[in-house]
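Just so it is clear, A, B, C, D and E label the chains in written order, and each chain counts residues from 1 on its own.
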Amino acid sequence: MATIPKVGSENLYAVPLTLEGASVLHQMFRFRWPEWRKLSAGEQREILAEAGAALEKLEQHVSGQSALFSMLGHKAELMLVHFRNEFDHLKHAELDIARLRLNDYLEQTHSFVSVVELGLYESSLKLYRSLQEKGVEPHTPEWDNAVKDTVRRQTEAMRPRLFPQIPPARYVCFYPMDRRRGEEKNWYSLPIEERQRQMEEHGMVGRRYAGTVKQIISGSIGFDDWEWGVDLFADDPVIFKKLIYEMRFDEVSAVYALFGQFFVGVRVPGGKIEELFKGQLPE
Amino acid sequence: MATIPKVGSENLYAVPLTLEGASVLHQMFRFRWPEWRKLSAGEQREILAEAGAALEKLEQHVSGQSALFSMLGHKAELMLVHFRNEFDHLKHAELDIARLRLNDYLEQTHSFVSVVELGLYESSLKLYRSLQEKGVEPHTPEWDNAVKDTVRRQTEAMRPRLFPQIPPARYVCFYPMDRRRGEEKNWYSLPIEERQRQMEEHGMVGRRYAGTVKQIISGSIGFDDWEWGVDLFADDPVIFKKLIYEMRFDEVSAVYALFGQFFVGVRVPGGKIEELFKGQLPE
Amino acid sequence: MATIPKVGSENLYAVPLTLEGASVLHQMFRFRWPEWRKLSAGEQREILAEAGAALEKLEQHVSGQSALFSMLGHKAELMLVHFRNEFDHLKHAELDIARLRLNDYLEQTHSFVSVVELGLYESSLKLYRSLQEKGVEPHTPEWDNAVKDTVRRQTEAMRPRLFPQIPPARYVCFYPMDRRRGEEKNWYSLPIEERQRQMEEHGMVGRRYAGTVKQIISGSIGFDDWEWGVDLFADDPVIFKKLIYEMRFDEVSAVYALFGQFFVGVRVPGGKIEELFKGQLPE
Amino acid sequence: MATIPKVGSENLYAVPLTLEGASVLHQMFRFRWPEWRKLSAGEQREILAEAGAALEKLEQHVSGQSALFSMLGHKAELMLVHFRNEFDHLKHAELDIARLRLNDYLEQTHSFVSVVELGLYESSLKLYRSLQEKGVEPHTPEWDNAVKDTVRRQTEAMRPRLFPQIPPARYVCFYPMDRRRGEEKNWYSLPIEERQRQMEEHGMVGRRYAGTVKQIISGSIGFDDWEWGVDLFADDPVIFKKLIYEMRFDEVSAVYALFGQFFVGVRVPGGKIEELFKGQLPE
Amino acid sequence: MATIPKVGSENLYAVPLTLEGASVLHQMFRFRWPEWRKLSAGEQREILAEAGAALEKLEQHVSGQSALFSMLGHKAELMLVHFRNEFDHLKHAELDIARLRLNDYLEQTHSFVSVVELGLYESSLKLYRSLQEKGVEPHTPEWDNAVKDTVRRQTEAMRPRLFPQIPPARYVCFYPMDRRRGEEKNWYSLPIEERQRQMEEHGMVGRRYAGTVKQIISGSIGFDDWEWGVDLFADDPVIFKKLIYEMRFDEVSAVYALFGQFFVGVRVPGGKIEELFKGQLPE
């Protein structure tokens, strides 16, 4: 039986530190075209004007940005992504959308609730090793303070990545994922050193795409049905395929990644939603 | 082939004692916004007033409390949780909700039927060992009496945890779970001593969160499609993620836990349901 | 590779004899409350009176009993269980229900088609051993006659259990199940002696609950998507949990049982259906 | 790693020859009883008369037969099975049904597209062995001609089974199935000799039921989501259970068979569809 | 634990080069026959005339072709396939269809977003070997230039296959697929040499069908829920079954292929859509 690495053993403490930032809500909607078509052109214009104005406000919300995407395929016609400083503000955004007249023509088919997350495998390992060398026992006040101190310092240093702007790229790719907990291959049973090594290898692939893809990882353990959500932003959608395909050969992805549904779409400024429903994809 | 530990062997009797308390029903609902919007403001007010009054009564039901939550994401707009001293009273609560005018605008998408459960791994092992040392055979009258006696005494001692108040925390996280019965890794084939050891380790993580999270476990074997339901209550939703992520590295979770869907939401006093439908999240 | 036990080998013939009795249909329905509420009190009364009378007739059907249950949770509001001496009479019952006015307010969400089954592991093994000792080859006329004779005698002896009355207990628990055919753990590849041993151990747990739970097993191979259906009847619903939890540690359940959805509910005499829709659970 | 048998090796060529016959379409429908009940008796009669006449024509179609079944359980109220000499004629049948007035009350919930198939494991092995002995290399013109010749001769000999009449038995059982491609147990990685041996054993069980059950196998690789469809026809539905249960202990079924949903029903002559909707099951 | 082949090791660099061409969208629709039948013949004719004209334009779109298929079975009545030079043009096509009056009678049940892909296992291996022999390190400018050069030259040479015409064959078969990432059998953990060998064997089967089947592979990693989509085009639908069945015994398919749903249908020129809804399948 696989043994869980224990503190004090050579594998150190198992749980890597994480930083949490903005609360995130993805909303995916189908569109009720037959109902929509029953409206007069004037009614449609009114409804879209109301929606456009509301979306422009959400895009500039003081608690964080929202963005609208026109999606490909039957899984969603539209996707809204909300980043907020406060968890409650996600619900406010949800209620704001629900109360729009446009919502009569939206059927929400998916959603994803998460919190921007930075995993600190490298710092955690360094900290745990240094505490171990000093003979500090886990969950003693000294250990807890050292952990809190690291988290506090990193949170400050990482603030722009924890509360990110939504990248202005034209295309988005979103998918949820898990780390495998199979009977033989179980990510959560690997020693932390091994997980750190694989994550580092994985990160090196990502870095080669740094100029062309922006990535935001959010954690959804306790919030939604998958462990993480991944948002990729790029100006060439083929890059999504290139990056994810290359990563699939990393050990951490090849062996330990389980993927949910993939959503791909095109950014649409909220104020230009009317163009979209005229059949045009705003530039 | 894995052998099931047998009484009389060194592994003792396989089945841990459990205590059962309040009957529990979770109800998850989507909201039919387009139908709702067709009502006049007056009709909406009337319907919400009727619902608010009914919810306030259910919250204070003599047989146990109910609580309303405003949920995030498309899986549910609202969640109702009912704790009752009698199983039949769950059905009464269900019928009470079904007969509200508000129910015309609710689409029930999920539910969970269970009974508050306390697992007595430690006491069971102690009792079984002591009976074994005395040479008492399982399922003899002497054995049965000793078991009944333990259950009776523990039930009295644990009454407040078996028939709990719903914690007043602002956020709720609910999810169902199973213990894995895989071809290689099978919780139900482990010796009871090994299960007790893993549950104890698991409990130690929980204890470190005692000040910030309240947890209620209910058993649903024979009642619903998963073996247990877990309700977490906290004033900071990020704590849900922290706790569950840390626990995922416990051996019992890493190897033997299978999770269903996660539901997260915000407590709303029944009497304030009208605020919610005006787009506000009551404080 | 696991070898299938062959006749003539020490494992004897693989297939245990089974007896088949009453044909069984479970029907699960949601209730269209919003449509129902649109009816006047008078119309509701009329529809329920028609349904109540029809249910009372089905409950006393000459070909076998039917029973109505008020279910907990969103999976079903009502469950109807029909036992019939003739397979075709299940379809008659289905058409009778379909043609009720009440059916306009029912949405059938699940069903289960099966035949009451008694597995004869012990008798089969005894018979096969005796035939083997006499040197009778399988599927010779002598073998076939001995089998037919055993089946005929047992069918007579077991008639009350093959065409059972529906137990009058207040609560029902229904679930379908399979025996696992995994890559490593495969019930159908075990020697018949081993299966007989595990089934006997399993039966011994059941016998301890004989006074408090009635169980009816029906086979659905060739009729529905699972191999068996299990109906439990008891006057205390917590007993369902106790029994199934204890059994889960049996080797045959721990390793070889796969479970479908669980349905739990309260018996309602057909003639009292009107009370139910007034929000009361008839005693 | 399992090695795929290669031509020229002792395992011979891996792919067994198959013969293809009639194209087959199964259509499963729920029935919209609430909508139906809104019609006057006269309208219902008209619609059923139109449907009855159309079904009688389809039953006698020059390109192959159709048959109507009244099904048990919520998965389908009706099933139509069409056998046709030409693939396109399946689409004609589908359009004919779609354009009936009765179709307004049908909700198609399942379907299955396939082609009657006879697998030639025994002949293939004999042919491959003989070609190998003559030193004929696979996919040389000589090999291809020998294969074509075998297929042509067998197709002629098997014509009645390739373009079968629908057996007149009262009951039908339909289910789709796959051969397992697990990580350890993989049908497609077994040597052809081993597959031939298991199929022969499997066939011997079937032969014992020859007098009571008619079986039609159709292949759906490339046409539908499972690899094969199985239709069983019998005058006693319990025989379906007996046969499939007994077969489940064959090595090829125990280890390598994966089953989809099971559909069971009663044959109804198209011209008697009106009786069915009056609540009677035509004899 | 399986080791991922590393550059510099004997297994060379793991990721094969791929070429990307036309963007592709598959749309599958059910048809709302009951709603359709409510229209007058004149309205139907008008709607089909509008749709026919629009489809003819899409079939000849300057950015790539579209094609309409009449599908078998309940999963789809119609399938539209769009090939476009620009990703955004897929969304234009989607909006064009969504805004047709015919769309009121279409229910989109599936879709697939992908990009025509050619995998260069053989060239990649050759290139990586030659770079390794020259001592060129991966991701050095020299390596990157050699890769870019190969991709550029192959893209030019393969242009007709990267931006293909839709083959004029009568029948289509579409299905999505993945390469298995099981705990034991994991395509992405195999050395590139082994993957190249299996793909070559796989390709040899395909080549024997070259005269009778046209195949277009598109990659959907990052775009949809499966890794690849496969379109087969042939004038005899039984060939789909023959080809896919034969390939199922290839090592790469037997062990590493996971398949989604299969869709099969008949080509219908957009201008002849009216015939289809009169119950005829245009020649």
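Just so it is clear, a residue touches a chain if its C-beta (ideal position, glycine included) is under 8 Å from a C-beta of that chain, and two chains touch if they have at least 3 such contacts.
Just so you know, these numbers come straight off a predicted model, no measurement behind them.
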Chain B and chain A - chains in contact with each: none
Each chain counted as touching chain C and chain D at once: none
Copies chain C and chain E - rotation angle from C-alpha fit, nearest 5 degrees: 145
Shared interface numbering between chain E and chain D [over half = same, under half = different]: different
Centre-of-Cα separation between chain D and chain A, whole angstrom: 46
Separation of chain B from chain D, taking each centre as the mean of its C-alpha atoms, in whole Å: 46
Between chain C and chain B, distance of the C-alpha-averaged centres to the nearest whole Å: 28
Junction residues of chain D - those touching two or more other chains: 183-184
Chain contact topology (line, ring, star, complete or other): ring
Cyclic chain order - from chain D, heading first toward chain E: D, E, A, B, C
Complex interface listing, chain B residues touching chain C: 1-4, 14-15, 18, 20, 25, 27-28, 87-88, 90-92, 94-96, 98-99, 101, 103-104, 108-113, 115, 139, 181, 183-184, 186, 188-189, 219-225
Of all residues in chain E, those that touch chain D in their complex: 31, 33-34, 37, 70, 72-75, 77, 171, 173, 182-185, 208, 232, 237-238, 240-241, 243-246, 248-251, 253-255, 260-262, 264, 266, 276, 279-281
